[in-house]
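Have a look at the structure below, then the notes.
Order as written gives the chain letters A, B, C and D; numbering starts at 1 within each chain.
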């Protein structure tokens, strides 16, 4: 009798099944080829490294968003959170290098706190997360403008900006490796480990069927709240890198929430939860970033970009959705 | 998908057939588009040759009025009679503001508030309503203000064409209306206060950038958003300058005012073209990010224009950039209050009230660079003599 | 009570009206203390105009949300509709009807695309309508560098500025649309089927409801409402405006109004009457804060809190009802 | 009027595959007007798929469907409804937020001058309900407020509202208590008299024999046989279904010295649905819990597992007082709970078999001996309960109900529970898997676990239990020893007054 003792599944079949990373890898490969054709030196280590470095914040946000989405919720507040963090950092640091580390710590706490509030309101007050985080979005934007009188004040220290702007020089083979990329690699590794851990598996189970999870002893509300906290933390790290990369501005995080959600979905993660991998989500973000670079290289008219972006997202998601609808 | 394309095609067809003319009455459209560009593509329909010529002429004109108070100066003024609005004070001034959503408007509004405070004895009440960047709300706001017994109405329209009906309604209500920053497509306000304008701004930057680089060099134009009238006129003037100088505009990109996006764009253009010989921007918000992108890529910063924001001025000075900062001075926020009070006194005012639009150059850079002010402060605020300086602007 | 008992799900008046009454009462008092007057003619007219614009969109949004879907593309549809209408009219009254027809047709086309993506291609509504929104954004950005066209004077005078006492014509239009939608929800098969699809798509399907057709219809109607809002805005603004929809945040605000009005975001519960309550509540907050000249950013914070709190209250109520 | 020679429904050579797996293969079947045709078979035999094909939910890959001699190609449930085919689903297909009338008429609302005629809807609903003997139910009530049995009535009215000529009943009694089943019997007879043909799918062979005229047995997607009910018996039928004798249906009960000390005591416990519950559960015994749907049986299990905890009274476990506030505390105390709603609360459908089996352990108990060791242990358990799957990384939703249940069992066994609460452990599970689960339950008791088992299936309850408590109206109505009869249980459950219709919402 065939029992589960048999573990004879080919790895290929594993990956093509819905939620796998193969489709996004294919899309990424196509874009890479297109970039390579137009701009061969883009694929040289130095420029590739700097591309990865500058994409790091968005990829981190996608990873954070993944935790929330796979557990069956949404986080629309991350963009405004990034903006708030950057503005807060500038005002608190006020160009004083000595305050860099305390402020970094404070930002992480602040990010976690916002995530905690999102999570608790969603799980304990049973407000759909779409609404909770939409409300949080409005609150954060309003509050940060209010607090800074409509114009960011102070400034970021060079030490703070180092994380997002500078690189570790003279690395063998690769040359310059941006600190942002190092941070990304570390966080990505942590995210992958987390998703393989008991917590990660439980998180996906919660997104798949919260009732079952609850009756199996999972504290669903806690798990989901932790997902929101992780998203807030990811937003904090992203804000630190982004603030470093580009400096203070109210535009720092604008629209990033939709970007992150799009990236996650592009990476094969199901909205509504229960399916998809964090690697897919991060690859989705990388693909989007590559798409933007590609449009720069091909000189797609600035105004037409959103059309191209919209078309590609719709096409990719529609193709994968119709393919996986195996009913 | 096909249906969508069909729908889009229908709309395109429609817009091609329908947008040939525009409404009459002094609006920006209706002028010739003779300056159809060559290197930078077709000229925007915002471009009006006559206005362009007039603005460029104003750049060299000598203003009348006190030299140390540019916000009270006028360029080539045509005075209008206002005696019918004469009224005993103190007055209730009402202000319908398009938005407060960027540092320029913030600095401007603080300057205006300070001006109101400075004129405290003559103003009994100052009502301010923020339309949050929404045309629809501003129309409702203006209507709302009409019911509040204002003595004069100041409007900073969110969009030129769309606010026209509301402003007309306000004029009909019989109170003096002062419009500033963006105009409206009607002559009914008592005066329209603004600096020389977008053509002047765009021209000064583009001319500088194209003169300081080698002929035929590559220029990257960085714009904030499409479809904002003030910014469109800046770009259309820059286009004329670039085409005249025969430089190669390799890209016109929209940054959404997002420094991160700006850096990525500059980065990719550097990679694509190897070098960029000049950068032109329609607003200074992301100038520093553009400069950083060159620095981070290890390339020299080419001739560039920014605006009078202090962070840019500081980088300019510290790094010794080849730069220029045309301005759209925030001191113009003082003028409407002054104008309104003069109107209520029955004094003549200029209409349009054209303010000078100084340019910050290498020569006068130090005069404007005040390290004590916040990085996003606008140097050209004309606010140093106002009550509460500098604390109010910090 | 007889009229109320006809409400689709036989629910009591949504709590939003209680909140609205309270807000207005408190607001009136505070404004009075501040030395102002909340209910003067000009303010009321302004309030109702703001409500009309948002309301027209929100009524359509209610339909898709009731059906368990969502439309994030409405802001762009509004902008597109203002442009189509204003450019076709081109300042003449003669082209009024064709222009309105064309604007609505284009909007309906977008709705159809949304609907087909959601049903045929099984794209999550969030992503589908976000993507369609991006398509439209690109079209608008690359073809328009500012307001274009001119609305027919007749339309400006009627829909744009005409009013009956303190009530603008546009608000009456909203009331009429609300009534029609309410009627459609409670008295047509489409309405019954829509609520069923939102409540449980599988149940609806097995009961013989053609889910896809119902959802596509809802999306088309939603876009039509957005198109109508666009025509109204064109009549207010006197021309087409490529950014009016996004600047007005009509996408997120319409969703907020719908959920404040007691419609469940997941679909299947709620109604259009509550949505109008939600719209009026948001508009009243606007009006009160305008009178008090409170910072717009503070208002935004309040708005965020109100949205969350309102939905939390509904969630609590649903929980207390128990059983399901 | 004499029956026409043409059958109401004729299926010829129906075939259907999902993802390359053949689910149905060349199935023939016909139903005459006024006939009750039962379809039986193990889970995964293809009954549900066949019913979905007849009712338009799926399109067949091969074969033809004829209704009253006319060939049909249904594109959806709507087409099937038009052809006069109605279906009563196993799971309720009702919208809790809508009224009874709206639910009954969903998909075919009466229309007058283009508008839904609400009055006609209400009246017709009232008539329909009256025709099946239900007069108390108001047409305007929200379905979400109704109890389970009343919802079943609505479900039946909904099917009848279509003037169906052929009615499919897929496990119609699954959620019904016994006296309600009687009502259903009467209803079926009445429908028969009206000349309506019925396709009756059920696991309960008693019902099949009571009601049907003919029986078709499906096995592995093929038709094994079709026999007249009068010409067959239970043993034959079971042999056809599983290919073995009925004999060892239930494992032996506990011997006299097997039940050990009292493990769990409940004293004067209650909550919103339970009152003054006193209960002792011994190690090594299987305690059966009987009663009508809504009598508090499930509420008892859910209170013991901390899902809806007791608000009054005391519970002790192995002599120590415990407070079972949440599933976690219950699990920590050594209690496990197999829910009756496997799809809704038993599995995480899109996760792998292994992840499903590891779920509870991961959630509550850190892996002390390492993750690898725990996974190995769970794999062994999966093999021990004989889960049939393509691999332990297959998504569980592709498994049959019985195999899903075995995975759920493995999940709990991995925790070495001292007390096991089973709520309808074999509902909707094929005969083969059923007896495997029965064996397992007994083995667990023999190994020293205390087992509490809720079942609506009286033979199962009587066959498995060492003792039986019967619940009524949230209280324990009485206790019966092993060897009690079905009549004893029913008498306690209904409190000697037949047709007591008190319902407590689940």
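Definition applied: a residue touches a chain if its C-beta (ideal position, glycine included) is under 8 Å from a C-beta of that chain, and two chains touch if they have at least 3 such contacts.
Here the structure is a predicted model, which means the values were calculated and not measured.
Among the remaining chains, those touching subunit B as well as subunit C are A. Placing every chain at the mean of its C-alpha atoms, the farthest one from subunit D is found to be B. Between the interfaces C-D and A-D, more contacting C-beta pairs are found at A-D.
Once the centre of each chain is set as its mean CA position, subunit A and subunit D turn out to be 43 Å apart. One inter-chain figure worth recording: subunit B and subunit D are separated by 72 Å, centre to centre, where each centre is the mean of the chain's CA atoms. Inter-chain spacing, taken between the CA centroids of subunit A and subunit B, is 36 Å. Counting partner chains per residue, subunit C has residues 132, 135, 139, 141-142, 295 touching two or more of them. In subunit B, the residues touching two or more other chains are 1, 100, 226, 254.
Listed by label, the pairs of touching chains are A-B, A-C, A-D, B-C, C-D. Those residues of subunit D whose C-beta lies close enough to touch subunit C in the complex are 55, 57, 76-78, 81, 87, 89, 93-99, 102, 105-109, 111, 114-116, 118, 140, 142, 144-145, 158, 505.
By the touch criterion stated above, subunit C contacts subunit D in their complex at residues 6, 9-10, 186-189, 191-193, 195-196, 199-200, 202-210, 268-269, 321-324. Listing the residues of subunit C that touch subunit A in their complex gives 117, 121-124, 126-128, 130-135, 137-139, 141-142, 252, 255-256, 259, 265-266, 295, 297-305, 307-308, 311-312, 315-316, 318-319.
Residue ranges on subunit A touching subunit C, taken from their complex, read 121, 125-128, 130-132, 134-139, 141-143, 145-146, 150, 258, 261-262, 265, 271-272, 301-311, 313-314, 317-318, 321-322, 325.
Across the complex, subunit B is touched by residues 39, 41-42, 47, 50, 54, 57, 145, 149-155, 165, 242, 245-252, 254-255, 292-293, 296-297, 299, 301-303, 305, 314 of subunit A.
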